[in-house]
Amino acid sequence: MKFAVLGGDMRILKLTGLLAADGHSVHVFGMDRMPPEPGVIQSETLQEACSGAAAVLLPLPATNGQGSVTSPLSSRILPCEAALQAVELGCPVLAGRITPDLAQAARKAESRLTDYFLREELIVANAAATAEGAIQLLMEETDACILGLRVLVIGYGRIGKLTAHRLRAMGAEVTVSARKCADIAWIRAMGYTPAETGALEDVLGSFDAVVNTVPALVLDEARLMRLRQDCVCIDLASKPGGLDFAAASRLGLRAVWALGLPGEVAPRAAAAAIREAVYNILREGGDAL
Amino acid sequence: MKFAVLGGDMRILKLTGLLAADGHSVHVFGMDRMPPEPGVIQSETLQEACSGAAAVLLPLPATNGQGSVTSPLSSRILPCEAALQAVELGCPVLAGRITPDLAQAARKAESRLTDYFLREELIVANAAATAEGAIQLLMEETDACILGLRVLVIGYGRIGKLTAHRLRAMGAEVTVSARKCADIAWIRAMGYTPAETGALEDVLGSFDAVVNTVPALVLDEARLMRLRQDCVCIDLASKPGGLDFAAASRLGLRAVWALGLPGEVAPRAAAAAIREAVYNILREGGDAL
Amino acid sequence: MKFAVLGGDMRILKLTGLLAADGHSVHVFGMDRMPPEPGVIQSETLQEACSGAAAVLLPLPATNGQGSVTSPLSSRILPCEAALQAVELGCPVLAGRITPDLAQAARKAESRLTDYFLREELIVANAAATAEGAIQLLMEETDACILGLRVLVIGYGRIGKLTAHRLRAMGAEVTVSARKCADIAWIRAMGYTPAETGALEDVLGSFDAVVNTVPALVLDEARLMRLRQDCVCIDLASKPGGLDFAAASRLGLRAVWALGLPGEVAPRAAAAAIREAVYNILREGGDAL
Amino acid sequence: MKFAVLGGDMRILKLTGLLAADGHSVHVFGMDRMPPEPGVIQSETLQEACSGAAAVLLPLPATNGQGSVTSPLSSRILPCEAALQAVELGCPVLAGRITPDLAQAARKAESRLTDYFLREELIVANAAATAEGAIQLLMEETDACILGLRVLVIGYGRIGKLTAHRLRAMGAEVTVSARKCADIAWIRAMGYTPAETGALEDVLGSFDAVVNTVPALVLDEARLMRLRQDCVCIDLASKPGGLDFAAASRLGLRAVWALGLPGEVAPRAAAAAIREAVYNILREGGDAL
């Protein structure tokens, strides 16, 4: 099976290697500043890359917000329209985090565009890698051990669940806060200490570290003031984040906003997760947007 | 605050004790064959029990299917209609697993009826107790240790999640099967071996025990025949169950259908979970059906 | 390889099945009240059983304290002397918990007697099964869940370590007490709450369950009086035990002295552990007493 | 209580802060290039520091191998003899990793010298911090996740035990190798896959990472050649280490020799562990060398 991979960062580079190692024919375009992975062919032209491909892969995120495919490893600019026009009719195009612009371009080019970043298996695998990255970050940022560390995890969504799990496994004393009764019940059922996100004021002073996973301003200045001076804050929430970083800075608190952890701490694992999502989409015949 | 508790089994009896220990005035009717818990008052009449009550509690399940409140600890029959008519106007009535019949009777009596068994916090706490009961059952049914036991958990819903968690914690080699890609992703993210529920045939022969949580016939005769002769089967699924027990019997397999585990293995924990749901409903002002 | 197995309980019966399943020729004598396991031969005489055997196995414990081999599954009495005289010269005899009497009889009969119960691998496997049995017992004895249960484990030897590990894995809040600084350090390094066995008075009132592993009177009447009325006590210590059972009874406390748990809760695992010790001894050429 | 602290690195600096926070009077000499921790007094002279002290603390390791106290944070050289002569008669001197030279100097000065690094509680706390540091290192060195990583831990001493525990907790597939039957039994009882350190040849090719804890050449060139090309090697063993680093380099393997992890990854935890050992020694009246 032939894959064409257009653009992409280190994670996508690793993905090309994984696909080739699985026995596929992999042609890349738009990664010209790096030597290709073993078994991968660097195409001279878009057409060469896409010709006869069973699927075309775009990066994660697919576009740079200015009409081009994300291609930090290329010396050339690769406009989305040009990329989509090179795709043969009927060939599925798989891309990560599709923007309205890209979706519109795809409709114009009559492409069969699918967003692999909507696949739950990829989202969860990313959450697992993020949780692990949070542990690594916490180890690097504190001068204590995770063992015995009193940590508050704010939010019990995917990342909150997996982070709390790993923290406790490493011997931390884990409190998890949530808003919904149902989440509080789960938190208790898993053996963590529950707290209500809306009523953290009284407990904030008792933690050595706080890990936020909620993408809303949970830790405003009034709440940050209640933290111990040596408490470490890690914010895993996507934009706009859940922590007032300016206030944290004024208060002299150590606070880290960690975005894109999977690609950073575990690019191979991140690439493997994309591969699995891609295979699943193709096996199921694609779920075109 | 005065609670009236009408009917109920050992679990509800324990609940009355917990409510009294929290400082509430608790009046019971329809538990006359057991001495009341410390601080609980046994009322002579329905009216005496309900008069001035801030809330009236019915058991779990609330009715016996023949128009009466479940009251195995009473020598009398307690018709639902009579019970509802004794409730003062506007007083919330909290019941577990409300049937259409009971709902209709409540509408007729203009009762504010709420089902506490719809509360996620109670469902999850029950799932946790069920998972723990499954471990206990597995210990009792096998002559091996959980340590090193190769166990298949079928289904990754609430009970599947919590059972897999505990099994692995005790040192079992845990495989979890599910149908959806997203669940498979979670199973992998938690570190279990994933399997597809629809394609168990090839792997069934490699387990020492199977725990089913899916309420559909997953383990039919053809699949049961693939199990090892000494494999232990535990079915946690509610009716109709997920295992062909007649076939299991013919094949000489040890198979247990475990229903109502929380009340059986941990009545105090089960009572505490009901109490929490009751408090949450009352605090939120009731979510009348 | 031919094994002769003389006497024994259900656990040894299972051992004969395991040896036969490994392809050995297994001859038993002194288990006549039970049908032999598949592939095992029931010998008519001691001589027939022992003739040409590569090893002779005696039970665990080997003798009943009155000069006979432990043989609860036999209708006959099997004197140790007779058993040892039937063994061919030079053939290793492997027995569990050898008493001075048996050792002397062996010297007289010039037998190559080895105690398999001195093997660390068997002791540890037994400790693991005991720890698991303690969890099972705790589940059966309390009406709460292990999840959230506040448990004190007294002693941090083999059984204490493995019990604490499993309790925490199931979600209990685990305190472990020990005497030595080094053990306290380990307890902390594993993430449990440490306590000093010599100064338990102040903390005893805060537990839902106590598991003792120390074979000395740790829980005397004065200390038992400090426990909560509904606290469950499990004593895993070998004789003389670590708990004043008469006082516990006077105080109305639920207290269980659990001896011989491996054979009771996991006979197959217990048999497998003996088999491994036997194989290791034979492979190493025996370490005659 | 007055403590005099002579010399020391960042870890000892943190120790002075912890002692002061406990309410002790802490006087330091030989850390002049750093501002003192809150509440700590920087003495001008050795005599001033030691005068009236209840105990004198030397660093870990106490000496630099050339007759001087380890004092990387000082601009001056602090000869051991001078330091010991400043100590008042009968005042206990607590030092880490006492060399024969220092012991002899202490005898000459009639000092009551004790080695706090011989305390099991400190050794274990260091092992826990080392294990945690190993996880951090592994996260940093691999581009995969710990989740699902196939890791071999060589050796089941203190560090091996605690490292295996944390690896499994993070979701790795853990194999532990040891030499003794007893350790193999423990490895199995904890639920890891056991291997024999003497017979690793056949299994070495199946790991993504190897963590060595044995201070002997376990991983020689012949064995390193059996590893996968992308296998990461972490050596936690003290000198001479357990890995042929020159061979690893020739073979293109990623190999890290991690010494002194506790002070590096968790100086505050390391300082707290020294503090506890110091308090225990003083409470027990010192166990003079």
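Going in written order, the chains are labelled A, B, C and D, and every chain counts its residues from 1.
What we mean here is this: a contact is a pair of C-beta atoms (placed from the backbone, for glycine too) under 8 Å apart; a residue touches a chain by one contact, two chains touch by 3 or more.
Since the structure is predicted, the reported quantities are computational estimates derived from the model, not experimental observations.
Undergrad: Name whichever of A-D and B-D has more C-beta pairs touching across its two chains.
TA: Contact tally favours A-D.
Undergrad: As a test of understanding: of all chains, whose mean C-alpha position lies farthest from that of chain C?
TA: Result for the farthest chain: A.
Undergrad: For chain A and chain D, what's the span in angstrom between their mean Cα positions?
TA: Distance between chain centres: 36 Å.
Undergrad: Counting in whole Å, what is the centre-to-centre distance of chain B and chain D, each centre being its mean C-alpha position?
TA: The separation of the two C-alpha centroids amounts to 51 Å.
Undergrad: Send over the residues of chain D in touch with two or more other chains.
TA: 128, 147, 171, 188-190 - these are the residues of chain D that touch more than one other chain.
Undergrad: Within the complex, which stretch of chain A touches chain B?
TA: 119-125, 127-128, 162, 165, 180-182, 184-186, 188-190, 280
Undergrad: Can you tell me which positions in chain C touch chain A when the two form their complex?
TA: My answer: residues 147-148, 171, 188-191.
Undergrad: Residues of chain C touching chain B in their complex?
TA: 14, 128-129, 132, 135-136, 139-140, 142-147, 166, 169-171, 265-269, 272
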